[in-house]
Amino acid sequence: MHPLTLDRLRAVSTATLTTVLFKKGFRNTFLQNLRPLNPKGARLVGPAYTLRYIPAREDTDPLTAFEDRRHPQRVAVEECPAGHVLVMDSRNDPLAASAGNLLVTRLMKRGCAGVVTDGGFRDSPEIERLDIPAYHQRPSAPTNLIRHHAVDLQLPIACGGVAVYPGDVMVGDAEGVVCVPRDVADAVAQEAYAQTLYEDWVEARIFGGAGLFGLYPLTDPDLAREFTEWKAHNAVRYPLLDK
Amino acid sequence: MHPLTLDRLRAVSTATLTTVLFKKGFRNTFLQNLRPLNPKGARLVGPAYTLRYIPAREDTDPLTAFEDRRHPQRVAVEECPAGHVLVMDSRNDPLAASAGNLLVTRLMKRGCAGVVTDGGFRDSPEIERLDIPAYHQRPSAPTNLIRHHAVDLQLPIACGGVAVYPGDVMVGDAEGVVCVPRDVADAVAQEAYAQTLYEDWVEARIFGGAGLFGLYPLTDPDLAREFTEWKAHNAVRYPLLDK
Amino acid sequence: MHPLTLDRLRAVSTATLTTVLFKKGFRNTFLQNLRPLNPKGARLVGPAYTLRYIPAREDTDPLTAFEDRRHPQRVAVEECPAGHVLVMDSRNDPLAASAGNLLVTRLMKRGCAGVVTDGGFRDSPEIERLDIPAYHQRPSAPTNLIRHHAVDLQLPIACGGVAVYPGDVMVGDAEGVVCVPRDVADAVAQEAYAQTLYEDWVEARIFGGAGLFGLYPLTDPDLAREFTEWKAHNAVRYPLLDK
Amino acid sequence: MHPLTLDRLRAVSTATLTTVLFKKGFRNTFLQNLRPLNPKGARLVGPAYTLRYIPAREDTDPLTAFEDRRHPQRVAVEECPAGHVLVMDSRNDPLAASAGNLLVTRLMKRGCAGVVTDGGFRDSPEIERLDIPAYHQRPSAPTNLIRHHAVDLQLPIACGGVAVYPGDVMVGDAEGVVCVPRDVADAVAQEAYAQTLYEDWVEARIFGGAGLFGLYPLTDPDLAREFTEWKAHNAVRYPLLDK
Amino acid sequence: MHPLTLDRLRAVSTATLTTVLFKKGFRNTFLQNLRPLNPKGARLVGPAYTLRYIPAREDTDPLTAFEDRRHPQRVAVEECPAGHVLVMDSRNDPLAASAGNLLVTRLMKRGCAGVVTDGGFRDSPEIERLDIPAYHQRPSAPTNLIRHHAVDLQLPIACGGVAVYPGDVMVGDAEGVVCVPRDVADAVAQEAYAQTLYEDWVEARIFGGAGLFGLYPLTDPDLAREFTEWKAHNAVRYPLLDK
Amino acid sequence: MHPLTLDRLRAVSTATLTTVLFKKGFRNTFLQNLRPLNPKGARLVGPAYTLRYIPAREDTDPLTAFEDRRHPQRVAVEECPAGHVLVMDSRNDPLAASAGNLLVTRLMKRGCAGVVTDGGFRDSPEIERLDIPAYHQRPSAPTNLIRHHAVDLQLPIACGGVAVYPGDVMVGDAEGVVCVPRDVADAVAQEAYAQTLYEDWVEARIFGGAGLFGLYPLTDPDLAREFTEWKAHNAVRYPLLDK
């Protein structure tokens, strides 16, 4: 991965990323219907480490299931590498918890970059106060074992209706989470960073009273020249821009 | 429109409006499942200016679609009159954005009174900070073109399961949005304002320890007299009341 | 009921309660898809007083329905005992209001412990500011009579997909609401309180850098000894613990 | 009840009934999303006998529950009067069965007029072959006790989103089921029977090549005259018509 | 339009059409969740004539609405050209009828090629017996006016989640309905017809015991040669094939 | 596996199986919301061979994807052993096809016992006529690649909300499909076969006019004796009964 990729992704919005990904042919990259528990916290950026759930069954999911040190949910929490994001395929089912406060705290202490489920977390009021980005569908107090059986790690999964492969780069902001396929992560990061600079300029112009036509998209040659100049004058504010 | 209608609507809640509209025979006036992005901001009040989306199609919605100055979404943003509310029929579909921060900012700068979609906005964290009331179903980062084709303006539409005709008066508070049919807007505003005064008195009484019976609804003659007196003493607090 | 049961329940989370209830064989105790209107307010704890709605019908639900002092919704608000929680079966339907600000204020003034519906409240911005815990699915401005007919009181009902019998103990926190069957309330409260003490210790250990294995669940004999000591030293912080 | 009411209802469609009920102010009378198991069988007509389910709970719904002769589901099957329709409020939940083949067979043998649930039946292939009209949402093999607790009989209930009071007249055809409030059953039956005669005439005219205008609705005076004559000539085909 | 296009479309399945359309870049062409009322009847093929519904409102949709000869629903039924398909945007809402037996009979008598709604038909048992292809979501007895207001004709609409423009070619079989954009209809018909010939050959081979590899898709050169020969020998069975 | 297990399962209904499984503690064994395409065909009985889909992505799912002989969907069709049932986890998504006629025909020719998806099949009218049991949610014409990426084989999956492990025994009838965990298959088959004998007797008695009490469940000692005798006399009709 390009050394600036993660920093660039930290500086762009999920909305900008979906546009850049759409330009590269990817239509389905935004994890649908997830919310940040701590929307004012840090940005989520990191490669995906995946955990898959299937429906629980009374024989495979007794109360003693967690005593087994090979239980994939617990292994995930202890082995997801620092800087990575634990992404859980909970089959979009928030009727029981995907994980709770103690496990998320452990991920935070281990230096993981975030945690995402398309189900729900329990102890959500505590998780809201932790210093690790977390995304889910809605709070869910019931204990995991009632509906979810952790079955394997590091396989390609579905999360929020999107394919997530181990190593894909997850990016989250207060709006939600985008999955950037690893093979295009460098190019997407570079292009999204450049796009952000352009959008900053457009935003300033619109706040200054400009209309959309010719400006957004930038089809007016005079405005295009103006943007080139602005870019030259403001380069210092965008240190991660590709030269 | 009566000169006090918009001011009166600014002073009443959407809950009160649905009651008054029900008394006039209208059962379906509350746009279902929409949320304000900035619930602590100003009230939404203004006539509807409508934009209709149908599903996008690969031939009608290329990446260059927005370069066309006749694109109805962009025309809507530039032509929705000041004081009006842009209302979008997004078929209750939040899987891609109905609009984003730059367009909503432009609406704000042009003096529009608000923006409503039954889909979702992208750049929702930025929109939350703008000084224009905005309502949607949930945040939606994916770019508009993936699912939505802006097809026409100023036709009657559906929004949140409710019929919205151009010129109907949209009223929003922290609870949601009501559509007041234009032909009854004056009468509804007057009656809702009077109803609000009554509910203020009821609320004060209940905080003072009164029970519901005879008070709400006002079937007790003694309480009715008491209310008449209270109304006379407090008229100055309700300057928009019909004499 | 044991004299400490309600106080103990006030000190434990809904997540812990679902675990303890699952140990006793109860899988379906968390009211699904409800949210607190005032999540930073007091905890909800109290026995259930139930109200049942069926769909409204034009002949049974005229505008004058509330003038009848036997209307079950109004009777519920005036008769739900102090310390009890009014729980409404609204058939999971938030398309019209289950109740509004004036009724919830009256419940608060009468000393009720809280109010729960699996539909929606109107006047939700006002209810958010009241000093009584309230839970619903989402705000709903339309007047009750449009969809809901209050039909009877104090029967077993469904709420949020869970069976609620009059007298069952409702417990709510910022995550949601659990229904504790009355017959097991004492045992559940005691066990959940003890479980909370254990989880506090685990949380402190994890913040201190410990891993999950052997700790959670507590299968390591050394850690078990350590916990026993910690418990002895911290007993004073847990005055409701069973001796 | 008028002696011809049930026979008239047997001769009209659910579609015609919803129109007549709408003319009397009733908007919500068609049980939504139910299907006949035996659409080519007899028509469903009879007064409602109601059974209410709430969610099952492990303590109230053990495997031995049905050994209790007071179990409301079994009492319903043994006590629903001949000629009546057993209507079950299953909270629109088909994840477990409302009843199965043996119980429906018993209802048939006891002379009941039909059985309706807004959940699902098990043994549906057998029920399809029985000579009793049955309606549900979809087949559901899981045993009742997993999700449904039969709680009481002969109370007003919700079924398919519609209020059903004991004694309301249920009418079903291959399209679905309508609930006719008992107080208007005579008038509705008479009017629907007359409306059916008119629609038969319209249908014949349209098959003969006529256009809709003036005919449906009948605003053309010449056509109105023609209909009067046709009615006089065909009276014998409509023996239940009010003289 | 090419003179063979409609005949070719009559000879191909909706499944084949979605594949050919996907090859041309169209991903969203199958109207989701619709069913044929008369699956064993004729194939649906014809250009779309569109009708749009928005939610009904008490003031715009009185019982007398249909007396107005300009009512768009009735105009649609009288003006949809012979050979065309009436396609209705009912906002995917089957809670009240989009149309009923009498209107569909009139369409049939006028020579229309079919009728499609993403809501539901009333009188569905009668429509099942008519000699005109009809598709809907599910039967719906309630009268149209309760939820649907016919607002305009021949505009682009959404139906079953797909964009339908007037003149697009609707094709339906026992599986459902595909919308073929008019600009690609000739090319799609030709290609789908050729693809059908290939699939017939593959099907015969598989029934004869062949495996999928090399055959489907046709990557094996020997099999490709065999197919070329088969095609030459069977040309007479495919009279619409492009020479 | 016991040599009579598959034959016994062929002789019992899915409803009976869910009851027997519930007695053994399994609550969630019926694949929800699936329908047989050919309900009058043979019974589905056989061990599960699993295929998992995740959402498609433009880079992993080009039109040429099926040219790869390692494509898991095609490998599944060629390698699912004779007598086994291909079970597909399509994430309950019928918006594009899980498979079509040609693949299902190949499975049939290879001697597979059936095919199950919680999505939808394309070419469903052709599949209805094949001599292999097939179950899905609803017909779905769009080509697989639009939404589904076949990712791996023979892992535990979810199907219709139920956990399915390779080797679990799938049993389907006209009502739907049950997954019998392999470890209990022998015991469940034996017990369900015996239960079927009892239910046959109960059914005969009810057709003969008997009431439910004492009979179903069998709590009356006289009836129990009668059943014992009936069983002795009818043993020949139940050749698979355990001696």
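Per-chain numbering from 1; labels A, B, C, D, E and F assigned in written order.
By our rule, contacts are C-beta pairs under 8 Å (C-beta built on N, C-alpha and C of every residue); 3 or more make two chains touch, one makes a residue touch a chain.
All values reported here derive from a predicted model rather than from experimental measurement.
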### Set of chains whose contacts include both chain E and chain D
F
### Task
Find the chain most remote from chain B, comparing centres computed as mean CA coordinates.
F
### Summary
Per mean C-alpha coordinates, the chain lying farthest from chain C is E
#### Entry: Chain copies touching (chain E, chain F) - same or different residues, decided at half shared
different
### Task
Report, in whole Å, the distance between the mean C-alpha point of chain B and the mean C-alpha point of chain E.
38
## Note on the structure
Chain-centre distance (mean CA atoms) for chain C and chain E, in whole Å, is 51
### Query
Using the average of all C-alpha atoms in each chain as its centre, how far is it in Å between chain A and chain E?
40
#### Entry: chain B residues counted as touching two or more neighbouring chains
27
### Task
With chains as vertices and touches as edges, which is it: line, ring, star, complete or other?
other
### Query
Quick one: which chain pairs are touching?
A-B, A-C, A-F, B-C, B-E, C-D, D-E, D-F, E-F
### Message
Which residues of chain A touch chain C once you look at their complex with the stated criterion?
### Response
63-64, 66-67, 69, 74, 77-78, 95, 97, 100-103, 105-106, 109, 122-125, 138-143, 145-146
### Message
Considering only the defined contacts, which chain A positions touch chain F in the complex?
### Response
25-28, 54-60, 91, 149, 151-152, 155-158, 161-163, 181, 183-184
### Task
Spell out the part of chain F that touches chain D in their complex, as residue ranges.
13-15, 17-19, 22-23, 27, 29-30, 32-33, 39, 173-176, 178, 199, 202-203, 206-207, 209, 211-213, 216-217, 219
